[in-house]
Every structure is written in C-alpha cells, then in structure tokens.
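Shown next, in structure tokens, is the structure this report addresses.
Think of it as A, B and C in the order they're written, each chain with its own count starting at 1.
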C-alpha cells in the first residue's frame, strides 16, 4: 500500500478512531465522510471505539491473502464491536480449531505486513480472544 | 419507452484459451452474434462492453475504443461498463436502457475477460480488488474468504451443510457436460467436492468457480423492429439493478444479498411477474454458497431453505426451477466481465428451444442474475419469449 | 532527586519453545544445557509480532495501570537491539499507538540489553529538570539467536514500559538514585546488515557482564552508603538463569533476594526487556517500604544501577493491568519447525 495512503489511516488502524454522528448518535467504523443514515443532516466527529467485541462469523483461510502467507492457515472473522460497528479482522494467537461464533475478543496492535524487504512496515489491528 | 428484444447471441468457448488474445475473443463472440442476428455490422448503432479488470490482466484500459476499433465499427459510441463481476449484466442493462429510451436502435452488449495471461496468484489478486481494499483485503480477507464468512453464518443460522453446498457443484458440472462452450465438462460427486483442498473453510476448491477466458455478446433491437431479424425475438421484459456496501461487514445481513433482492424486485415489477412465474434462471454461483443464497434472495424458495431445495433436486434440469442449466459460473467458467452476458445468452437459447440436451422444456420466462464482488452490486434481467 | 516510577506495563508473547526441542535438533544434551544456563524454555514472538507491537502492548498496559492522560507524556524512548527499522524510530510508532502525539519528544536507544534502562535515566533527568511531566522508557526486543549457537537457547522476546514522573504525581515507587559504569568492551556485537550477533564466548563473563554489573552495583551502594542487607530484592540483567545468581553471591545478596525478579528460567533472555521485566515482576508483589536494587547490563559495555523504594498505595494501583506472571503463565508450546517458521528462517 502506498505510503501516504497508509499514513492517512494510522489513527483508524492503530487506535480504532472512527466517527460518531452528532445527529443520530450512531458510531461509524471504518471511518466515513457522510453519515449514511443522516447524509447532509449528519454531524460527524472523531470517536475512539472501545477495543472489545465478539465474533459473529469466521473462516479459516488456507489460501492466504498477499502478505499473510507465513501465517496460513489463519482465522479471519467479522467482529461486532461493543460500540456497534462490525469490522473484518484476523483473529491472531488462535488455533484454527478453537474459534467459535460468539467468542469475545479484544482488538490488539500487530504487524500487518510490509512493502517488501525495503519498504514501509504496516501496523494495524487484529482480534485476539479474551 | 419501447420494448427491447434480443435478436442475436454469440459466445466463445470458455476456458484457458492460450492461443486466443483479448482482441480476438471479442471479435469471435461479436461475429457469432452478428451471424445469429443475420444483420450487417454497419447496422449497429452503439456498443456497451462489460469488463472488470483489463488493466490488471492485460495492462490495457480504454477497451471501449479497442473493441470498436477491432470490430471495424468506429465511429459508433462505445462504452466500457464496470461493476466487478457484474460488469456484463450492467453492460446489458445499459444497452437495454439505450434501446428502450429510443436513443439507439441496434445495440451490442458484450462482455469479455482475459484472465490467464497472468499467474493465478496475480489473477486472484486482481479479483480481490472487487472487495474493500482498505478494510477487507488489507486485513487479510481474500475474495473466497468473504463468501466463506457468509457460508459459515448461513450454516449457523439455517443449518445449511457442506454437503448441500457440494450438491450445487455436482449439479452445475453435470449440466456443463451438455454445454459445448463450458470449461469443465465433467461429472463430479459430493465426495469429490468434500475431499478437495480447503481454500478457506468451509469453501473447498470444488466449491469455487474457476479462472477463465471468454467473451459473450448479445444484440438488442426495439421489439417493433425485431421480427425483421428473428422469428423468435426474446423480450427483455424486466431489468433491475441495485447497490450495497462494498464491504461485507457493512451489510445489514451476512446471509442474504440485499442488492439481489432489490434488483430482483425492480425487474419482477417491470416484467409484471412473480418469482413463481420464472421457468428457469442463470444465477451468480461464483461459489456454491452464492447459488444457495441467490435462489433464496430471488424468491425461488424461503430464506434458509436454499440448501434443502438444492438437495431435493428442485433446481436440476427437469426440476421445479432449473438453475444454471449452462453449468453456471462453476461448470461453464467465469470470465468475469463476460459472465453477465453469457447468462443472458443461455436464457435466450433456452427460451428459443435451442439448448439441446440441457433444454428445459416449455420455458417461456427466464431470469439472469449477476453479482459484483461480495454483493456490492447486483443486476437482474427477466426475459420472455416474444411470440 | 525527586523522581519515581508512576507506573509500568509489560508484554510477553505467549509462544514457548523448550530447551529439549532445540537440543533435539542439534544433538545437545538438554539436561546439560538446562543445568548450565538455568533456562527451561524461552518466549517466541508470533509472526505478526515485533519489537514495536510488543512495545505498544507494554506501553498501553502502563497507561492503563496508571490511568494518566497520554497527552501528558513529554518523552518516549524505546531501547532495543531489534528495532523494526534501522532508520525510523520505534518510539514514534508507540507514541501514535498510545495517542501521546504530537506534543512530545521521542527517540530510539541502542545499547544492547541496557537500552531500556538508559531511557529510564534520561526520563529521570528530564523530569527532575522540569522539562516534562511524565517520561516513558521502554525496553523491548525480539532477540535472534543463530541456529545451532548457544544463544539460540536463550534469545527471547518481551517488553516493558516504565512511566517516570515526580513522586508527587502518585508514583508507586521512588527512584532514589542511579549510577552507571561504562567502558569500551567488545564482548557481544552485531555489525550493520548482519542477521546475527557474534560474541566472545567466555569473554562475555568476567571481563564483561560481571565486571560492569558488580562495579555499577558497588558504585551505587557506595554512593548511597547502603549494603546488600538494606535491600529486600535485587534484580540483574538475565542473559540466563545463572549469571544473576553468581552476581548476587559475589555482591553479598542471598538467593532469596534474587528470587522474585528472576524470570529468565521461564521466558529466556528478553534482552532490552530483561532487567525491566524482572523489576516489574518484583513491583507486582513487593510491599510498601521495601528497597529494590536493579542492575542492568548492556554489552559493549555498561551497567545501570537503580535504588528504588516502594511506596504506600502500590497494592491498589498494580492490579489495574496484567502482571508479569499473567503473561509468563500464558504459554503455548511450539516445536522447532514452527519456531523456525515463526522466526521467518523458513520462507515460502
């Protein structure tokens, strides 16, 4: 991923900073620039989401995404965060036969990949069962 | 607004076409359609070409110009339409709208994808650009992975089984055996599917549609002029399209594609039909679970019963609602941009009674369903015999 | 001086490889190895962990334990010998990840295994001088041992963050003073762009580790006019489980005094994290009024000694974040093949 593109999203990826709409009070993550519910009436402000949620579906990925080959097979899940929004994340430090729908997770800071040996290292969020 | 009819169809073989280039494929499909319609190329007023990723597969954009150029049809208006795997269906809809509006008379809707010039790893990477790059692919999601997340939830909520998903693959490969253009004309068993390597649980290799080269083409005309060209014009009775969030985690449901239900409702309303009136359908089975969800979302069975309905043979040739008589994306192949058009070609052949050993007898009303990505786009067409 | 430890946080990856697993591959006698090094197993970072991710989790734990506003942190220093970049500091990644940016100074340190404690000294000076309200010093490493080398049994991964501030800001222990002993001694080194360190074998003992550790300890005791008996606990840098016991004995400390801080037998040598994790383990259990001597060692060479006194109120504060033993006890055993894959020595 290009340097400026990754850098722009550091607060979102490192600290789960999303938006909250002052009009309808919904919390939005990943970040958006218009409230999908209120559109022009929406008043979006930065909001840091709590790093807790639960697994609502998962898969064990064998044919890995680019940059994830050394971790295959790995668990990928959709997590419903305590603040409401859902996000997609790898469940790290998890045996592939141990994951269940309903598992409680916390969001942790991990290495996501790199732009090759000479390039920038990407950090971001993953889920980890509590 | 005028009624629109299909007056000609054509498609190439689908498969790994090492000897055939992008430009050649489009010409082949187009030539067959023109021959089928018995028109002269000069009569064509405009063209719409569906293609997802020529930039990534053959490092060429601006294919609207290339296709018009190599077809010898410049200077007619030519437009490339993109909506990931729904590109073909979207091109068809744009062509239908152009004819219905009266702006153009004879319009070509084509679809094409040349996927095998690059290594399979690059091909799957290109396909993954249909997903959310920032919040799905970057965090480790693969395109099959997104459908696997839907499959797992569908199993959790409705008890759908891996065996039922496998039966979709078995049916579609069986149907492909009767389709000379299909990529995988081979019978497989449920056990073959269950034993195939896991790609991303619960999706296994034989649950996945392949990487394919191919092109397809339909020619449209206003119904009022269609009889000049064909004895059996096939009317595009309804067209519907809808969008949804790019990412799966942004959707309201993990087990249903809202874009499909919305697009279908629009198409059904326009065609003045209900799901029960549909005699057969080509649906978007990029993965076996996608067909199960599609027949639910299109209203052919109740939500959650797609697996059971498949198991009971209701979607086989000769069943209550034959689905993917062509072999579907699974058996016929999935040259991404061409798929939506190829689906329409199959329905047209079936409604004309020209589908040979895979014919669904007495078919009068057919449906084509094409999806982009994990459901960010869907387009549905209802076609009816015009006589 | 009027500075103290306001709080601390640790993180140790959960994977462990036992001495037996490594010995099997190279044909060593595991009992001999265990006897010689007093190590049973070591921590191994997961493929998606590195010095930065470990530092971040330790730092977040420290912030959580203290409840301070990260915007009040005026300096962050990360010491390591396995910084993810040769040029681009780990400290800014940590600063961003704990939302301490942008009003602060930051930098990375390198001084082999004492790069973290050097950061503590820097923070002490800055706080004492009134330059900053809080300073954070982190020691974090994902150490590499060359396959088949003795260091393979001990080179481990872990990190610890200390928040330093004035005692009036509810410190849980005071740092009475610090003393360092530094010389140019090439006992253990790694050249630019080489993967693994080299060392001088037995030269790393008496002329290196022991000379500097003993000199720093004695230097501080002299400065403060204290004796070993004045301390409830002592913790040294732990390249293995044996050196700290030998150093303690030389100085006149008992095994009992070393016990609480001796983590190496269960997690290996966490390099820049080693002394700090040992100190954190002591603080997790120490009682108010107890005095602690902490002596780090960094090859190249130098030693930082600290005299620390535990204050009232520590019992209430230290439960707010996971403790050292919580991480030590959370372990998943792996075999050598998995270890090599995790360490990216086997790449597809």
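Keep this in mind: a residue touches a chain if its C-beta (ideal position, glycine included) is under 8 Å from a C-beta of that chain, and two chains touch if they have at least 3 such contacts.
Since the model is a prediction, treat every value here as computed from it, not as a measurement.
J.: Taking contact as defined at the start, I'd like the list of chains shared as neighbours by subunit A and subunit C.
T.: Both subunit A and subunit C are touched by no common chain, going by the contact rule given at the top.
J.: In terms of CA centres, which chain lies closest to the overall middle?
T.: So the chain nearest the centre of the shown protein is A.
J.: With centres defined as the mean C-alpha position, give me the subunit A-subunit B separation in Å.
T.: 32
J.: Please tell me the distance, in whole Å, between the geometric centres of subunit B and subunit C computed from their C-alpha atoms.
T.: Roughly 60 Å, centre to centre.
J.: Could you list which residues of subunit A touch at least two other chains?
T.: 90, 112, 126
J.: Which of the residues in subunit A end up touching subunit B in this complex?
T.: Contacts found on subunit A: 1, 9, 30, 56-66, 68, 73-74, 76-78, 85-90, 101, 112, 122, 124-126.
J.: Taking the complex as given, what residues does subunit A use to touch subunit C?
T.: So the residues of subunit A touching subunit C come out as 10-11, 14-15, 48, 69-71, 90, 92-93, 108-112, 121, 123, 126.
J.: In the complex of these two chains, what residues of subunit B are touching subunit A?
T.: Residue list for subunit B touching subunit A: 124-125, 128, 134-142, 144-145, 148-153, 156, 197-203, 247-250, 254.
J.: Across the complex, what residues on subunit C touch subunit A?
T.: Per the touch definition, subunit C meets subunit A at residues 14, 46-50, 52-53, 56-57, 60, 84-85, 93, 96-97, 99, 332, 341, 344, 347-348.
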